[in-house]
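Shared chain: chain A. Partners: chain B in the first complex, chain C in the second.
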Partner chain A sequence: MYPVRKEGRFTIIELNGEVDLYYSPKAREQILACLNDRLNLLVDLSRVEYIDSSGVASLVEGYQLARDAGIEFGLVGVSPAAMQVLQLAKLDQVFPIYDTVADALEGRRAGVQG
Partner chain B sequence: MSRAEGRETVIEVRDLVTHYGRREILHGVNFDVRQGEIKVIMGGSGSGKTTLLRHMLGLHRPTSGSIKVLGRDIAAISKKELYDLRRKIGVAFQGGALFGSMTVAENVQLPLREHTRLDEKTIQIMTRMKLEVVNLSGFENLMPSELSGGMTKRVALARAVIMDPKLLFFDEPSAGLDPVVSAELDELILKLRDALNITIVVVTHELESALKIADRITVLDHGRVLITGTVEEVRNADIEVVQDMLNRKPRDETIDADEYLRRLTGTGR
Partner chain C sequence: MEKETLLLELHFPSRAERLQAVRNEVRETMSRIHSLPCDVDCAVIAINEACMNIIQHAYGAQQEGKIILQIFDLGDDLLFRLIDFASPVDTSKIKPRDLEDIKPGGLGVHMIHEVMDECRFLKCPEGVGNIFQMRKRKTRNPEQ
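For the complex of A and B:
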């Protein structure tokens, strides 16, 4: 199980290590369970050393579900390794990405001025 | 200085000698591939380049010498270990090797269905992500018979990288393609290396393609390595066969009469 915490209106799942073909189903299960409970969700990627396309696919699925259900969903503290994968799949332009939880609480997206 | 200078070695072939029957094909080949580079194996027909590829995939046992792939000596490991190793390796075969009765998406997904227990939804998203990478989004439901040569190769590539391999082998990407489609495929190979951070080994007889995509090139001739170097080093090499290749000059085959006669008559050495 990945660690889960609450901050403000958000539930935060902290993925870590290598999110690969073996671990991504566990991440997916936790993400979908939170969304099923209609929790506003942040996925903390600050401790992710590697994420493969099965891990990214789980994030994509989660985000789509959240949007359809009108639930907040975002990625926070994306590690350089994870950011590279997102950028290369052009998904950095798709996900709401925040530097910190505080930024997410205020709706201040990473890399967006003002 | 090449791109892969100082990086970890992911393939190490030492003194490889191979035979098909009694005929010696590779005569003591040394070959390295470093992490993150595109290494091209070049040579004409009969140079031994496909034989070298097949040995690196563990499809044949060498007569002597060693082949280490991702740190494992593939001649010395068990079938189970070889199977595990192959999960980290993608291969795009020359003709595409797609299953004619399966759609594009089904072909691309096949390794995931064989090797993982991922959820259907995850498999569908991963498939579309990889089809995006090879510029084939929206073609999921076509059958292989409906694809052009270039599309077939791109589907084969998508399937080869569906498991996010660390190492990708691509056999003759340009074979049978017109020059424009061939150039597009070269671009795609460069994009794959950068986008997926894969180490890529390309086997080709197409000089133009090799010069465009390679970080380093190994030129094989009659089962021996003539030179390994950067594009510039190979261009400037003072080796007749390499210069003939660069200048597209047909080669005069020198025939070893005794050896040739033995081959034709099937008599021993």
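For the complex of A and C:
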């Protein structure tokens, strides 16, 4: 199980290590469980050393489920390794991405001025 | 005819839990020939995604088989070859999908095409299911 914590209105799942075909089903299960409980969700990717397309697919599924249900969903502290893969999949412009949880609480997206 | 120097030949079962060890072998092999980090990352991403396709689609959830990974140094290029013994796949159905259509699946083929310069299936000898070959031009080290 990946660590989960609460901060403000968000539940935060901290993915870590290598999120690949073996580990991504566990990440997917936890993400979908939080969203099924209608929790506003941030997925912390700061300790992710590698993520493959199956891990990214879990994030996309979560993003779509949250959007359709009107729940907040975002990625926080995206590591360089994870960002490289999001950019390859052209998803860095799709997900709400925040540098820190404080930024997410204030709705201040990464790379957006003001 | 280009000279192919075999850098790595790895035989492993088509199991998801083996992928981490495969990625580590790829990183070590690429480091041994002083590849730049960007080339190491490209090789790891493409080989991992291609292995996933073999595990999930060629062998499928119901069967397990052997995968062989070969890495060759061609001088200016690197060649990555993945061999499996599953039923031949319908290569006409393997295409990168439109990324404008945001959905969970089908990203792997796109990622392979993004990080490699050339990818194709080779004609297989008797007894082999599929041979997928990827080629990447080495990034020149600006300090050399």
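The rule is simple: the second predicted complex is superposed on the first by the 114 of 114 C-alpha atoms of A that agree within 3 Å, B and C clash if a C-alpha of one lies under 4 Å from a C-alpha of the other, contacts with A are read in each partner's own complex, and residues count from 1 in each chain.
We take it that a residue touches a chain if its C-beta (ideal position, glycine included) is under 8 Å from a C-beta of that chain, and two chains touch if they have at least 3 such contacts.
Worth saying up front: this structure is predicted, and the values here are computed from it rather than measured.
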Following superposition onto chain A, is the placement of chain B relative to chain C best described as a clash or a fit? clash
A:L21 in the overlay: touching chain B, chain C, both, or neither? Say first, second, both or neither. both
Please work out whether A:A89 is in contact with chain B alone, chain C alone, both, or neither, and reply first, second, both or neither. both
Touching A:S54 in the superposition: chain B (first), chain C (second), both, neither? both
Could you figure out whether chain B or chain C reaches more residues of chain A? C
So the chain A residues that chain B and chain C both touch are 20-21, 52-54, 56-58, 60-61, 84, 88-89
Spell out the part of chain A that touches chain B in their complex, as residue ranges. 20-21, 24-25, 28, 52-54, 56-58, 60-61, 84, 88-89
Which positions of chain A touch chain C when the two form their complex? 18, 20-22, 50, 52-54, 56-58, 60-61, 64, 84-85, 88-91, 94
Complex contact set, residues of chain C against chain A: 16-17, 19-20, 23, 41, 44-45, 48-49, 52, 55-56, 99, 102-105, 107-108, 110-111, 114-115
In their shared complex, chain A is touched by residues of chain B numbered 115-119, 121-122, 125-126, 129-130, 132-133, 162-164, 194-197
